[in-house]
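You will see two complexes here that share subunit A, one where it goes with subunit B and one where it goes with subunit C.
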Partner chain A sequence: MLRSSLWGTVLLGRALQAVLVSLLVGSLCFALMHSLPGDPAMRIAAGRYGPDAMSLQAAESVRQELGLEQPLLQQYGRALWQLAQFDLGHSLVTGRPILEELQVQLGHSLWLALASLLLSLLGIPLGIIAGARAGGWLDRGSQALAIGVRALPPFVLGLLLMWLFSIQLGWLPPAGFGSWQHLLLPALTLALGLAALSCRVSRDAMAEVQQSAYFTFARHKGLRGLTLIQRHGLRNAAIPVVAYLGVQAVYLIEGVVVVESIFAYPGIGHAMVHAIIARDVPMVQGTVLTLGLLFVLINLLIDAACRWIDPRQGGTR
Partner chain B sequence: MNSTVVTSPTTDIHAALAQAARPQPSRWAQRLGWGLLLVVSGFALLGPWLISADPDRQDLLNALAPFGGHDWLGTDPYGRSMLARLAHGAQLSFLLALLTTLMAVVPGVLLGIVAAWRGGWLEKALVALADMIMALPGLLLVLLVIAFAPGHFIPLCLGLALALWVEFFRISRARSAVILQQPYIEATRMLGFGPGYILRRLLLPALAPTLLTLASFAMSTAIIGISTLSAISVGVRPPTAELGSMIVELLPYYAEAPALVLLPSLLIFLLVLALQLISGGRKS
Partner chain C sequence: MSLSLRIEHLSIRAGLTLLVRDISLTLTAGTPLTLLGESGSGKSLVMHAIMGSLPDGLQAHGQIWLQLPGQPAQELLRLPAAQRQALWGRTLALLPQEPWLALDPTMTVRQQVQEVHQQVRGLSAAQARQQALDNLQNVALHDAVVSQPPVAERYPFQLSGGMCQRVAIAMADAAGGQVLLADEPTKGLDEALRDSVAQQLLREAAGQRLLLTITHDLQLAQQLGGVIGVMRGGELLEVTQAQQLLQQPRHDYSRRLLQADPGRWPVRQPSWTDTGGQLLEGRGLSKYMGGRCLFSGLHLRLQPGQITAITGPSGCGKTTLGNILLGLLPADQGQVIRTSGLTSLQLQKLYQDPPSAFAPHLTLAQGFNDLQRRHGFSDKELAVLLERLGLHPSLLQRLPAAISGGELQRMALARALLLKPRLLLADEATSRLDPVSQQQVMLLLGDLCAEQGLALLLVSHDQALVARMADQVVSLEAHGVTA
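Here is the complex of A and B:
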C-alpha cells in the first residue's frame, strides 16, 4: 500500500513535469508564430498547397478553418487544446504532417542516444577502480582526462574525433548516414562526455564508500578485494552514480542536437536546427516537444532505478 | 557591528556541513585556473586594442599565409589576419559570456533572496517558475528563444541567461533561508538595522563564495553554448569573428593549414578549462 502510493507520487511528479514542458513549448511557439512577419494564414496555405497553388482564397479558407481571425487569447487556447490532443499540425516547409516526420527522426536519434549510453558505461568501472585506490596514478590520470574532456565543447570533441578516425586513420566515415559505421563517431563523441562525468561521480562515490564505517567493518571481518567491493561497495556507490544520470540526461539531449548537426546525422536534433533556420514553427514545436518529453521519460526511468537500488528512499526525489 | 559575529556554534555546523557536502577544489587547481583566466582574458580584452589589423579585412592575394609572416599567425582562406580574428573572437566570446552570466546572476540571486525573505505565495510562484524552466534541458530553451531572431546577440544572451538564472535562484534561496534564521540576523534586526544593511553586510558576504563558484561555472557553460550555437549556425553568424563558427569555417582547410582549426579550439578549451578549474568540484 505504502509502496504503491510512493510510486504514485513519482508518476504524478513526472506527469506534472510533462505538462509543464508541453505548456512552456506550446506557449513559446505560439508567441513565435505570431512574432513572424507576414500573414500566418498565407504562410500556412503556402506550406500546405505549395507556394504556386497558394491563392487568396486558399489563405482565406485556412484563416476560417484555423480561426486565425479570432482574438489572440482564443487562438492561444485553441493552440494548447490541439497540443493536448497531440495534433502537431503540418510542416511549413515540406507540408507533411509533423508526426510522420518525427517518427522517422526520433528512431534515428534513439539509436544514437542508446549507442552513446552503452559506450559511456565504460567510464563507470574506470571510476570505481580509480576510487578504490584514491590518490593513485590511475585516479589522478583519469581525473585530469575527465576534466579535459568536459572542458571541450561537444562539437570540438566531435571534430577532433572526425579528424583522428576519418582523416588520419581513415577507419570511419566522417559524416552522413546509412550504416552502423556512421553511427559510431557521433555516438563516441557523446559517450566521451558522458563517461567523463560518470567516471568522476563513480570515483567520488567509491572513495566515499571506502571511508564509511560499514566498509571498514567488512574489511575487518576479513573480506578482501573483489568480494569486498562487490558485496559492500558497488550497490552503495551506485546510488549517487544513478542519481547523477539526471545531469547526464541533460547532456545527452543537448548533445544529440549538437552532434547530429555536426555529423549531418538525420535525427531529431538535426531537424530542429534546420527548422529554426527555416523558421518552420510547427516543426520547431514538434521537435522540441519530443526531446522535452523524452527528457521527462528518462528522468522517470532514473527515479525508478534509484528506488530499485536503494529501497530506503522515500518520496525524497 | 562587525561580520565576525558570524562565528556562532550553529553557523559553524552549517559551514562544516556545507564543506563536507562539497568536495573542496585543490588549491593549485584553482590557482592554475585563475592564472589561465588572467592570460586568456588578457588576450581577449587587450588583444583587439593592441592589434591594429582589421579582423574583417580580406586580402585574397595573401590567403592562407604561413606562420611568422606579417600577420604573425598567418591568414585564413580569405586572407584575413588570424591573430586579429582570434583576438576579436575571444573578446566577443568573453564579453557575451560575461554579459550572459550577469544577466543570470543578478535576477537569480535577487529573486532567490526575495523568495527566502518574503515566503508565502511569492516564493511558491517563483519556485513554480523555476521548476518550469528546469523541466526542459537548457539548450532546448535557448534554441526556442533564438528561433525568434536567429543570428542576433540579444536572443542568444537572453536565452542562455533564462536557462542559467535558475541555478542561482535555487542555491541563493536555499542558503538565504538557512542564514536568515540564524540568531545573529535576529539580533541585528532587534538592534534596529534595516533590510538593506542585513542584505549588504550579512547576507551577500555569506553567499559570495558559493556564488563565485556558480558564476564561473555558468560562464563556462555560456562560452560552450555560444560557440556551439555559432558552430551549428544559429548563434553569431559569419563574417563576425566568433571562435565556434571559425572552427567549422576553417575545418575544410585542415590539410593546408591545420593550425587554423586548432588555434580557436585551443582558445575555447583554455577559457572553459580556466573557468571550470576555478569553480572546482562541480559536476554538472
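Here is the complex of A and C:
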C-alpha cells in the first residue's frame, strides 16, 4: 500500500516533468517559427514540394491547410494540440514526417549512447579499487587521469582520439557509419568523460563505506577480503554511484550532439545540428523533444534502480 | 585450563603520550566485568587492545593472555595482525555502540546473521539460514503475532535501537565467539530497552563465555553485577565486586561517579513559583507521523524560569513536540502562541550530539567570532559566560573534536546563551555525556533558570533525571498522552 503509493508519486513526478518539457519545447519552437523572417507558408511549401515546384498556389493551399492565416493565439493552441497527439509535422527540408525521421536517428543514437555507457562502466571498478586503498598510488594516479580527461571538452577529446587511432595508427575509420568500427571512436569519446566522473564518484563512495560503522562491524564479526567487499562494500557504494548517473545523463545527451557532429554519425544529435543550420524548425522541435524526454526517461530508470538497491528508499526487492 | 582472559600491565601510548597506564585485569567465565569511566578515561582503548583494533599510531605494551579450554594460552599482543584478525568473530566478538549504525542498511537482519554461518563458519546456505533464524529466536527476535514483513526479514531502519542491539548479539552468538566485548551497548537507549539489553547480556554471560562491558551507564553496571572496574585518565582506580563498589566505593572519584547518577542527585530546591506569567502556550496540539498519532489535543503552558520536561520512550514524539513549540515544525492541529515581543532568536536549542552541532573544521574561537559579528555581543560578555560555565578560554583555540563532549556541550550552551534566549530547548542534551559531565551541565541549566528567568524545555527519556529537574512534566506514551 505504502510502497505502491510511493511509486505513484515517483511516476507522477516524472510524468509531470515530461509534460513540462514538451510544453516548453513546443512553445519555444512555435515562437522560433514565427520570429524567422519571411512567410512561413512559403517556407513550408518549399520544403514539401521542393523549391522548383513551389508556387504561390502551393503556398496558399499550405496556408489554408495549416491555418496560418488565423490569429497567433489560435495557431499556438493548435500547435500544442498537435503536439499532445504526437503529431510533430513534416520536415521543411525533406518533406517527410518528423516521426519517421526520428525513429531511424533515435535508433542510431541509442546504440551510441548504450555503447558509451557500457564502456564507461570500466571507470567504476577502477574507482572501487582506488577507494579500497584510498591515498595509494592507484588512487592518486586515477584522480589525475580523471581530472585530465574530464577537463577536456568532448569535441577536443574526439579530435584527439581521431588523430591517434585513425590518422596515426590507422586502426579505425575517422568518421561515418555502417559497422561497429564506426561506432567505436564516438562511443569511446563519450565514455572517457563519463568514466572519469563515475570513477571518482565510486572511489569516494567506496572510501566512505570503508570508514562506516557497519563495514568495521562486518570485519569484527569475522568477514574478510573479497567476501567483505562484495557483501558490504559494493551495494552500499553503488547507491551514490547509480544516483549520480542521473547527473551524467546531461553529459551524455550533450555529448551525443557534439560527438555525432564531429564523427558524422547519423544520429539524433547530428540531425538536430543540421536542422538548426537549415532552420528546419519542426525537425528542431522533434529532436529537442526526443532528447528532453530521453533525459526524463533515464532519470525514471535511475529512480527505479536506486529504489531497488536501497531498501530505505521504499522500493521492493 | 578453563576459559579466561588475563590482562597484565597493559599500557597504551600514542608516541610519547601515555593514554592507558599499567592496567591488570582478569576475566573469568560466569563473572561479567564492567569498566566504568568518563569519556577519555581509556576504557575503550583497553577493549580495542584486546580486540587488536587500536587506531593507527597507538601502541599497546604489556601482555594479554587468552586461555581457551583445551588449548595452550596465547599472548595476543605478540601475535601478527593477520592471526589476530583471524580471531575476530570466531573467538572475540565485539558488540558495537549504536548498533543501528553498525548494521548494513541494505541487508535484512536475517541475511546479516546468516552470512556469519555461511561465510565465517562455512555452512551451506540452507543450514545457515535455519541457524540464523534460531539465533534471532534466541534473542527474542521473532514474531509474537504474524507481522508483515516478519522481524527477521526487516531492514535495520525498520527496527528499534534495542532490537538492533539484539541483532548484534545474535551475530556474536552465530560466530560463537567466547569472549564478548560490549562497547557502550546501551548508549542512546531508553530505560525499557536498556533493561532488555542488560538481560540479554546476562543470559550470554551465563554460559561458557567471558563478558567485558564498557559503559558510563551506572544502571547497566548494577544490573550486570559481577566485577566493576573504575577508570579515569588512563588509570584503573579500583576493581571490586559490583555490590561493594556501588554501596561503598573506596576511591573519591568512584564516589563522585556514583553521586552523578541522576537517581542519587540531591533534590533540587524548586526556584520557580507560579507567578501567572506566560512565555509560550501550546493549544490543542496534534501531530501525526507515518499514519500514527504521536499526540493529540495537547495543552501546555511555559512560564519564565520554569523547567518543563517532555519524557517518554524512544520514538514517542518528544523531540517533535519540542520542535513544534519552538516553531521548527508545524503542528497538524492546534497552535503555538508566543507572548508578545518573543522573537524566534530568543528560542534556542541544545542538540543531542554536540560534535555534530559544530562546524568540524573551524576552531571554536572562529565560530564565536562569526557569531559576534552577526549578533554583536562584547568580548567581556563571552569571557564572563565562559567562566560561569567553567570553561577555560584557551579551549577556544581548539577544534570541536579536540575537547570533551561535556566541554563541547557547555560551549554549545554558551553559544545559545549569548543570544539571550528566554526559552531553551535541551533535546537529550546530556544523554551522550558521562554522568559527571551530565550532572555538571544539568546543574548549570537549573541555576541559569533560577538566575535569569530562563524557561527550560527538557526533552529526556531518563525518568530519574526528569524527576530531579522538572517543575512540570509532560509524559508522552506510545498511545495517548498524560499531562
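Going forward, the second predicted complex is superposed on the first by the 313 of 317 C-alpha atoms of A that agree within 3 Å, B and C clash if a C-alpha of one lies under 4 Å from a C-alpha of the other, contacts with A are read in each partner's own complex, and residues count from 1 in each chain.
By definition in this document, a residue touches a chain if its C-beta (ideal position, glycine included) is under 8 Å from a C-beta of that chain, and two chains touch if they have at least 3 such contacts.
Here the structure is a predicted model, which means the values were calculated and not measured.
Colleague: Classify the contacts of A:L32 with the two partner chains as first (subunit B alone), second (subunit C alone), both, or neither.
Modeller: A:L32 sits against subunit B, while subunit C stays out of touch.
Colleague: Of the partners subunit B and subunit C, which touch A:L226 in the superposed model: first, second, both, neither?
Modeller: The answer is neither, since A:L226 touches no partner chain.
Colleague: Once chain A of both complexes is superposed, is A:L72 in touch with subunit B (first), subunit C (second), both, or neither?
Modeller: Touch partners of A:L72: none, neither subunit B nor subunit C.
Colleague: On the A-aligned overlay, A:T216 touches which partner chain: subunit B = first, subunit C = second, or both, or neither?
Modeller: second
Colleague: Which touches a greater number of subunit A residues, subunit B or subunit C?
Modeller: Greater contact footprint in residues on subunit A: B.
Colleague: Identify the partner contact of A:I277: answer first if only subunit B is touched, second if only subunit C is, both if each is, neither if none is.
Modeller: In the superposition, A:I277 contacts subunit B only.
Colleague: Report, in rising order, the residues of subunit A that make contact with subunit B in one complex and with subunit C in the other.
Modeller: Dual-contact residues (subunit A): none.
Colleague: Going by the contact rule at the top, pick out the subunit A residues touching subunit B in the complex.
Modeller: Per the touch definition, subunit A meets subunit B at residues 17, 20-21, 23-25, 28-29, 31-32, 35, 147-148, 150-156, 159-160, 163, 167, 197, 200-201, 204, 244, 247, 249-250, 253-254, 257-258, 261-262, 272-273, 276-277, 279, 281, 284, 288, 291-292, 295-296.
Colleague: Name, in rising order, each residue of subunit A that touches subunit C in their complex.
Modeller: 212-214, 216-224, 227, 231-232, 235-236, 239, 309-312
Colleague: Hey, which residues of subunit C end up touching subunit A in the complex?
Modeller: By the definition above, subunit C touches subunit A via 51, 53, 85, 88-90, 93-94, 96, 98-99, 101-107, 115-116, 119-120, 155, 157, 168, 171-172, 175.
Colleague: Please output the residues of subunit B touching subunit A within their complex, sorted ascending.
Modeller: 23, 131-133, 135-141, 143-148, 150, 220, 224, 227-228, 231-234, 244, 247-248, 251, 254, 261, 265, 268-269, 272-273, 276-277, 283-284
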